[in-house]
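What follows is chain A paired twice: with chain B in the first complex and chain C in the second.
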Partner chain A sequence: MLAIDKFCYTSKLRYVNASEKFALSIVTLLICIAAQSFVISAAVMAVMGVLTVRKGGLPFARYRKMMFWPLGFLILSTLAIVVNLSRTPLDLFAFPVGGWYLTGSAAGALRAGRLIVTALSGVSCLYFLSLSTPMTDILTVLGRCRCPKLIIELMLLIYRFIFVLLDIASAMTTAQNARLGNKDFRTAYHSFGQMASALLVRALKKSNALYDAMEARCYDGTIRVLKEDYPPKPGEIAAIVVFELILLILFAGRLTGWVM
Partner chain B sequence: MGDVIIKAEDLWYSYEGEEAHALKGLSLELKKGHRIALMGANGAGKSTFFLCCNGIHRPQKGTLYYDGKPVSYDKKGLLELRRKVGIVFQDPENQLFSASVYQEISFGILNLGVSDEEAAREVERVIGELEITSFRHKPVHALSGGQKKQVSIADILVMRPEVIFFDEPAAALDPKHAGMVRRIVDRLAEEGITVVVSTHDVDFAYGWADDVFLFHEGKVLVWGGPEEVFANRTALEMTNLEQPAALKLFESLCRKGILKTELPFPRNLNTLEEYIAKTERPVYTGGIRDMDKERKKGVLVVSFGTSVNETREKTIDVIEEDIRQAFPDCALYRAWTSGMIIRKLKKRDGVHIDTVTEAAERMLKDGITEVLVQPTHVINGVENDLMIQHMLAFQGRFDRIVFGSPLLTSEEDSEETVRALMAEFGGLGKEEALVFMGHGTTHYANSIYAALDYRFKDMGYLNVFLGTVEAYPSLETLMKLVHAYGAKKVTLAPFMVVAGDHAINDMSSDDEDSWRSQFEADGFQVSCVLKGLGEYEGIRKLYVKHLKEADAG
Partner chain C sequence: MKKREKRWVALAAVFALVFGIAPAANAMHIMEGYLPVQFCAIWGVICVPFLAAGFFSIRKTINEHRKTMILLAMSGAFIFVISSLKIPSVTGSCSHMTGTGLGALLFGPSAVSILGIIVLLFQAILLAHGGLTTLGANTFSMAIAGPFVSYGIYWILKRCRVNRRVSIFLAAALGDLFTYCVTSFQLAICYPSEAGGIGASLVKFLGVFAPTQIPLAVIEGLITVVIMIGLESYARPELRELRFVEGDR
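Entry: the complex of A and B
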């Protein structure tokens, strides 16, 4: 099992109504992106962190590590905003390089900072959702949101097949390794290619077999399954509404300038 | 013939793009409510036939009848057929399409067009019936093979079919889950559902089925009741099958005249066992004593072994010598159980010492017919258990094997041991403590060490302590107790048959972890007696006594 998948199935928030979790994470995400504010992002990260770690039961060290993955990427990609190559030095810093300057402005740095915290807070929203809600529950919510059936069915099958194919791939890789298939880089490279092509063939065969099995159960082109959901709780809904209202007030503050 | 539910008439089918036919004029009749086993080599057409019965494959030639009517292949007809005929596929991975157990099971019944409420009720019913409740909230990819099988059966049962096909239901399952699947299959048959199982397990098919069909190259080779079909050796051979074990044994026992041929064929090994239990004739097991053969007794002394030659001479060698004198008519053999020590001696000194198995082989070769085994082990631990198992592997090849017990077995042994030791450590002063170092084990027999320590005190030796290197009572415990007793001087002695590596390194060396160093660090005046248990005469006598008791039976 993938780690993220394991966490969502063992999360203490798993049996909370999926629509609630979905709404909380998506609405919050939208406000974060729209506001691009230090205060709002910090608040969101704190709340989502507490929800995922304290309420959900994910080990903090693990969560911290997961938050660091996008951070590295974000820092690298915002470097371009902070650092400029220019003939004239800017206000924050400037290093002369020949006749040019490696330089940055305070406004640029602020913008980069905003971008990083906004993105991180967005990530924390999505982590909250994906670390507390199994894929099948998210699909049920998407169905309620009138997402096209075809897309939902595809997601359902793809999600199941990720694991089926991962199993086959890891079994094949083990079998290759057992026969020195990874003895040096060249061989390993070659083995991987062969494994991938064999996997494709197996995937096609599997999909045919799966189709037969579904037909045997009267499949007629639409996948109908019962929805699994847990009743929403008024208290939780109230808390979500209050939280979003606070964020909206902060958002208004950001527009008028009294919130960073 | 109103009782035929599925009838195939001259079915021909070939897969797309393949010349060879998977079905070559298959004709058969499956009876309603019967337990039916389909058998045959891989590629004989069983799975293809399953898929035909469910309308997935349409035969290119021939007709398939369901309940007397030819199957219609329009949409409505197919839906009708699939509602009544369910297939549980061999590999659940090819059947389970959803990651949620609940959703997965609900798929089939919703396709029948029932309301969500009714579907939910039915899903809950099968979840309960098939004991899926404990893992219903797990994702499908986290289930074990057996659990996936349970779900794939639930998939079909929820649709309440009239006929269920199981494609090799026990394939790739461990015996426990295979047994569970068989019980499910059994229960369905009892409920009156027609159950068709494709299997390679002849013992299962023989014991369970009402009708057996042997498939061969796309046709039915032989069919009928299981006794009839499994008596047909030629047909079995052609389909790569063997006779069921119960039948094979029954025929062999009949040929020997032990069982009567009039008895009905036993359907399983339990019935056969009952037949045998009821026979008047004595049935011999194990070695049968041959009166013409000379009786020759041998003694095997089994020790753990030691690589320290000086201590071996003073302990194992002497024990063996004592036993030799007590059993003057017997040849004496030596075996050691530590492979590491045997290898070390071989490498270092070029000396070969037998393992238990090798010694037993040697005794057989020398014509020994009765073996008296005496371990020099201290407790009834793992080493002793293993030795007994190794020896019992030769049960049928010797007329008799008896085992003397290890040093500490009965209460009397403990008392004797205390006496034997204290005979040599008579003059202990009040401020002196005598501390024995045993080996210790994770085996439950380890409790004897603490019990013996207690026994010392019970017999009046309040200043004698017994601990172990590897288990409880540990050195830490001993130190506490010795302090509590209030001794100033400590004498250390091994409580192991030989004063080998442990006594030298763990007990008396200068190493800071050794018992001596630790007692010294705690302020005691320490002396060491490097004497293995085998050097005490009383202990040796105890071993001899054990063997004599065993021999007397």
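Entry: the complex of A and C
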């Protein structure tokens, strides 16, 4: 199943007001990206890590592993930023290749370093949100932010159907594996294609049946669910405001140049 | 070791590292926090007209047939599930489909733009592929540019009476490749190279991601052909049902 979804339901921060968590992660994320600074990113990573692991109760080993998920993209694209192919060597390093140089400059390396820490701290903000707030709560917050009702409804249904389809897909994949459906590449890609087409047919059948069932229960375009409301706590709000203010002061420092 | 030999060993190590990790990379979602703020905003704004068009067309069909809502939701969930499952790859490592070409062929490019942004949001939150701030850029490359190219290629090839399998394969594979080019371009204009500007940077990004993305495009094309053939052989009524999602086919 989806690991992040499983963890967010067991998180100890799950019953904290969703708007608070949403605001904290989004505002922090924006400051982080706008600032692109080592100090702010390190602070954000530390705070978000502590919140997710200590307060949320996620095992640290899992968290560390999750932080490595986007590493492939990070390494490849940072490599593309740092390394240049040019006729003239730059100041940091230069490998001669034929008549050209594989070369990089110190300024470029510094920029890439900033980018790496910014991206990782961004990921830690995203993880804080997704590992503490179930999707349904996020959708409620989006609804309060005037996201069109139709889209919210669509997202709620999609969220539900994802698990229905994942179940079907995993059952079919097990059946295929039991019949040597993945014994080599040729059969594997063939079985994947067949699984996907069978999945779509099943999905459409299910959606027909579901529509009939919902229509029979007076579905009129909105699913009304009971919303459990967890009121925001003044202490938490104060802590969030103080944290963001500190980040903003550091951001001002970054603009004037006394913070790296 | 001499200094020169040491350099070569270091270079070889870097290559081994890159190509060892590379096959584990997913479809090319730009990760959270990797784009500067102004570019996040620009790509978001560029997406707005497409999303608005998609939204209004969806709203119109839903007002006419309420059932479309469930159908669209199932389609969105299908794209998400297909892109979250591991697909077989030659090296035996893990990679994922983008599902853009398949979505465009099945549901039409306008519906895919709305479904695409929802799927990308879910991918960011539930799978940590992509991110919230890079949602605009990813939506443009994966839910708008890719599907429109796929659909256009399919339409042209159908007019030219090219073999169906070939046209499905080309539509899916080229749509995927186009997505990869757009993403490289998005990265390149944010991070122009010190030696050669945006053009050189574009070549670098294209080069670095080529070993993962080109095989992926071919595999995606092959799988899309198998899926479409499977659907056509035993799900003709369902395919006809999907057509009204789009209305103009």
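As a working rule, the second predicted complex is superposed on the first by the 257 of 260 C-alpha atoms of A that agree within 3 Å, B and C clash if a C-alpha of one lies under 4 Å from a C-alpha of the other, contacts with A are read in each partner's own complex, and residues count from 1 in each chain.
The criterion applied here is as follows: contacts are C-beta pairs under 8 Å (C-beta built on N, C-alpha and C of every residue); 3 or more make two chains touch, one makes a residue touch a chain.
Quick caveat: nothing in here was measured; it's all calculated off a predicted structure.
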item: Touching partner for A:127 - first (chain B), second (chain C), both, neither; value: second
item: Contacts of A:206 with chain B and chain C, given as first, second, both or neither; value: both
item: First (chain B), second (chain C), both or neither touched by A:217; value: first
item: A:197 touches, of chain B and chain C: first, second, both or neither?; value: second
item: A:157 touches, of chain B and chain C: first, second, both or neither?; value: both
item: Partner chain in contact with A:115 - chain B first, chain C second, else both or neither; value: second
item: First, second, both or neither for A:86, with chain B first and chain C second; value: second
item: Partner chain in contact with A:249 - chain B first, chain C second, else both or neither; value: neither
item: Touched partner set for A:135, first chain B, second chain C, both or neither; value: both
item: Partner touching more residues of chain A, whether chain B or chain C; value: C
item: Shared contact residues on chain A - chain B and chain C; value: 5, 135, 157, 159-160, 164, 206, 210, 214-215, 219
item: Residues on chain B engaged by chain A in the complex (per definition of touch); value: 51, 54, 56, 75, 79, 82-83, 86-87, 89, 91, 93-100, 102-104, 106-108, 110-112, 116, 119-120, 123, 137-142, 155-156, 159
item: Contact footprint of chain C on chain A as seen in their complex; value: 2, 4-5, 26, 29-30, 32-34, 36, 66, 69-77, 79-81, 83-86, 88, 90, 95, 102-103, 105, 107-108, 111, 115, 118-123, 125-127, 129-130, 135, 138, 148, 150-151, 153-155, 157-162, 164-166, 169, 173, 182, 185, 188-190, 192-194, 196-201, 203-207, 210-211, 214-215, 219, 221
item: Interfacial residue positions of chain A with respect to chain B in the complex; value: 1, 5-6, 9, 134-136, 156-157, 159-160, 163-164, 167, 206, 209-210, 212-220, 223-226, 228
item: Touch list for chain C against partner chain A, complex; value: 7, 11, 14, 17-18, 21-22, 24-26, 28-37, 40, 55, 58-59, 62, 66-67, 69-78, 80-82, 84-85, 87-90, 102, 106, 114, 118-119, 121-122, 124-128, 131-133, 187, 191, 193-196, 200-201, 204-205, 207-209, 212, 219, 222-231, 234-235, 238, 241-242
